[in-house]
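Structures given as structure tokens follow.
Common to both upcoming complexes is chain A, partnered first by chain B, then by chain C.
And now, the complex of A and B:
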């Protein structure tokens, strides 16, 4: 009894003695509860991490969603042997390089134009950016009509001037490039916007110094604007490459990979194989896309971010 | 006029003319097609409608295929609103703690957040997971998927923004006796309002325009979203180009309104963390 009492008393004394000190010392860190991560982690793990990791296993199987039969690398062998499939790999590379490169160059010059004092700047900014927000399917249908080989407006104008009227989406040699063009039309606004933010952030002193030194405007662009908007360039390259490598909607809305397989990319092959019920093969395509994106993006973002960004 | 002013003027005029041809003519084409009679619209010509049928076409489009467009609009609205709301709550909580707490897990968390932006989702395995949870082809499943796919982008935005809120504010609130939850809800969250608006607007446009997501994870006529409805419509109604273009016009209205009213937030969201295909 007495020992218990003593113990209680001591504990009480401890609490009294420690309480204020403990309160003061209690690190503010504990006010950032770790369980705040919990919902994000659950969503992320269930719907992203588990599918991503299991895709490596399922890509090695013949799979019906209910049971998976392990067949080793057969899906990958088929993928790179079947010309209908591996050309999609090449097309993905061409498509991504083409759209990304064009968006960087066009976006940069549009941003230069739209940050200089020209007539109707606000209108131009709005109209160049707006397609970014449009439905890709809507844009696809619209261009399919505009570029229709027989009735389309573009060919009507070309015909009027006596120029050749190509089958934009129907010529096997042209379809992929036409789609890339539509993609650039729709996506150049975001590149322009990022470049504009980069250019505006360059301190004005540099341009003033250049002007006082009598630098020509091309020299100013080459020696000041381009090097100092490196951060924006890196962002645009990374963003547009990721978008280009994963591109699906615009292709599916315009040609569906056709004519034949001439505008098929990895993402459209993944969907076609899924539709056909070849789940293992589809997942193998997914793994190929994953590896392609990783192999390109990881060294590239390391390289682009290594040099200090002077913004 | 000085030579410089002349140049400003000439470059501006050239740019405006080019923008008319490249951007405004396609938009005008959609509107004109939407106002034509079926026979005229099937010519695909860039011409003024001889018989202006805008409102009859509007009603016809909404009625066609048993009013599938209405159902699509309803489904897309539910999907967009609920998934964006979920995304905001979940990523605000995570981004807040991520910005405040320096732990040894930091680099790992960063890695996963960036992976979420770069890695293409593995579609069939995701369907497998959804089937296992009995969520495949259901609206709740699609909502969770959209919320997950937008998570990385939102967490990055929130983390960057919380980093700019002085910690002294937290300390003051804690000294005044606020607990962790109250600190977040009453002190931090109100200060996050600008970035919350940005996230809502940008992600709403993304989810509303998402085509591949519902194509894979939300099959079935009952669950159709506007993008899928438009896609199906374009396959069926080749003799009704006027209605097809009316449908394109209709689903362009929500992004257009978002752009008109939230221009600043959209630009902020796209340029700050803007990482999405």
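And now, the complex of A and C:
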């Protein structure tokens, strides 16, 4: 009976979650003649299907843009032998887990706050969402200057109060976490929005009943809000985890994977290979990244969307 | 009724076709009117490169009113490399483009992509070193623009004079100088990892010392025999780490940028900066009164006989896709770069950072003081080309690896071993035999 709530939440950000009901086959009955679809099909084939398949082909070649020499799986062998691959792989997992987890937790509590009757709610909702609208590269450059260890505003303030002034983006032990922090700041707005849609969709009767039964607010959150916004949670987890696994722009704009290789992730390693002119190798890397995201996300998505909530 | 409809359809089709044809014609070149339009791709998008290309085009058009030159800029660094390779491979390259010589030039597959310029009249004026860097076995493909420049240590002469130091010849002398500078409260060695490429100089600028000891090192390296993990090439990695271990670097080494590092050097807050001298143009912009306080010495060598590592001038090239009238116009433009007027533009817009690669241009007397320091090595014949002009292989990750070494994240030996692997990947990509 309460699947309707979850469904509402999903509709709010209908991107990844798939309704099992929608999978039921209905006979295709189109209003339009087939040739109506031709332009779309041509665009789809030219810009999506052909590039996808040619990328699988080029990942098996040594490609200099001028010519491509077929070398079988050598690119994949070399990609996995890359000395930076292992550390970048670990960094990718840390980064994805950290940003995704923080967005879920922070997003949920911010959504709770912003759906409750507080002063300036509309303004606060807008403020939380603003960073999402900014260009990632712009955010990266902004934080790079704010967090500059010697001339940045943040360290100037810390220094004024006599606190330590860390090299946010330049300390090898800190760089990856600083970037994750920036990513969370920028992305938490969208998680909050999805959670808000989920929470708002929960019928008020549940809360009223709970109040009459004398449930504490913590109990209300734990037993009503959390289970009934499960659809929203699944959407946030899936979206932010995929985003985290293939994250690149914010890292490139702030540290470029540095200092050295200490904040390198899979996507930045691949990009650097492309930059170096290893076109076949970087294409192979993208195929690996595609497979990695698929291997993690397909079972997870299946698991998260498996069963309706039972109260 | 039916006929009229058909007629109007036909009229519409004809009208449409005519419009399409007119549009296509407008896209084509305005040939036949006696004027030619060619495009010039600048060597970057920074102020100096942009101004050089624009000034060159303006001066050229004044002398050749029938030719119009359209200037386009491009990103520098690896983004620029990819842009140029993409344009060449799709036949979209500008009629004249300004680009590096040496290994980056070789990666363009010159024999199949570029117009040979072997028989152009200016070719006889080129230095032999430069010819090597823009040629394949089959011919010469580029004209020089800008001067050659050296890599080594740029130092503040006033600081050296004040502390009574002399130019070091061995690495030990360099370290002892640095300790004295540190004791005087001045930053001995400036590093600027905020611009990652600047981390490479202890290794790259040491190459003339390596080739002085072993003239075959470059070819051994290309043939998978010589490695950075072994002496003498390991020295560059060791020196990068030693500066860190002995605390001889500026505190903000991890975030300092090249431009700010040069300001530090010019004002005497820092004394020594491992660099390529071509950046002196930035000092002319930022600290014009202190340009001549900056001097140059070659990377100190363990042998005590330091050689200056020389970077060849950049090249101007014409792609195979440029033909006929445009080719003739493009060749005129390339020749113009090293004409008397072209030389003036090179000297006024760019700052000479060393001798020219052609006898057609002369370094003016007003050149920065460090050029005279460079010429001393030239006159004493104690120079050697940088490795990138002698071997097609340069690992793409050297700058990051050296930042790791120079920030204490990994040791010199680890860094060198990592770089050897990087080199191997590049050699395989280039399809070089024996890897």
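Structure notes:
In this section, the second predicted complex is superposed on the first by the 273 of 311 C-alpha atoms of A that agree within 3 Å, B and C clash if a C-alpha of one lies under 4 Å from a C-alpha of the other, contacts with A are read in each partner's own complex, and residues count from 1 in each chain.
One rule holds in what follows: a contact is a pair of C-beta atoms (placed from the backbone, for glycine too) under 8 Å apart; a residue touches a chain by one contact, two chains touch by 3 or more.
All figures in this text were calculated on a predicted structure; none of them were measured in a lab.
Chain B and chain C, once both complexes are superposed via chain A, fit side by side. Using the contact criterion defined above for the overlaid structures, shared-chain residue A:243 touches chain B, although it does not reach chain C. In the superposed model, A:31 makes contact with chain B only, not with chain C. By the document's definition of touching, both partners, chain B and chain C, reach A:274. Within the superposed three-chain model, A:65 lies in touch with chain B and with chain C [touch as defined at top]. When the two complexes are overlaid on their common chain A, residue A:52 makes contact with chain B while staying clear of chain C.
Within the superposed three-chain model, A:203 lies out of touch with both chain B and chain C [touch as defined at top]. By the touch criterion defined above, A:286 lies against chain B but remains apart from chain C after alignment on the C-alpha atoms of chain A. By the touch criterion defined above, A:148 lies against chain B and chain C together after alignment on the C-alpha atoms of chain A. In the superposition on chain A, A:159 makes contact with neither chain B nor chain C.
Touch counts on chain A: comparing chain C and chain B, the chain ahead is B. Put simply, chain B and chain C get as close as 5 Å, counting only Cα atoms, in the superposed view.
Once the two complexes are overlaid on chain A, the chain A residues touched by chain B in the first and by chain C in the second are 65, 148, 274. Residues 28-34, 36-37, 39-41, 43-44, 46-52, 54-55, 58, 63, 65, 113, 116-121, 123-124, 126-138, 141-143, 145-146, 148, 151-153, 156, 185, 190, 193-194, 197, 235, 238-239, 242-243, 245-249, 252-253, 267, 270-271, 274, 279, 282-283, 286-287, 289-290, 293-294, 297 of chain A are the ones that touch chain B when the two sit in their complex.
Put simply, chain C touches chain A in their complex at residues 78-79, 81-82, 85-86, 88-89, 107, 109, 112-113, 193, 196, 251-252, 254-255, 396-397, 400-401, 403-404, 407, 409-410, 418, 421, 425-426, 428-429, 431. Those residues of chain A that touch chain C in the complex are listed here as 62, 64-66, 69, 78, 82-84, 148-150, 167, 169-172, 256-262, 272-278, 281.
Chain B contributes residues 8-9, 11-13, 15-16, 19, 22-26, 29-30, 33, 43-46, 89-91, 93-94, 96-98, 100-101, 112, 116-129, 131, 133, 144-145, 147-149, 151, 155, 167, 170-171, 174, 179-181, 183-184, 205, 209, 211-212, 215-216, 226-227, 230-231, 234, 241, 244-245, 248, 251-252, 255-256, 258-259, 263, 266-267, 270-271, 274-277 to its touches with chain A in the complex.
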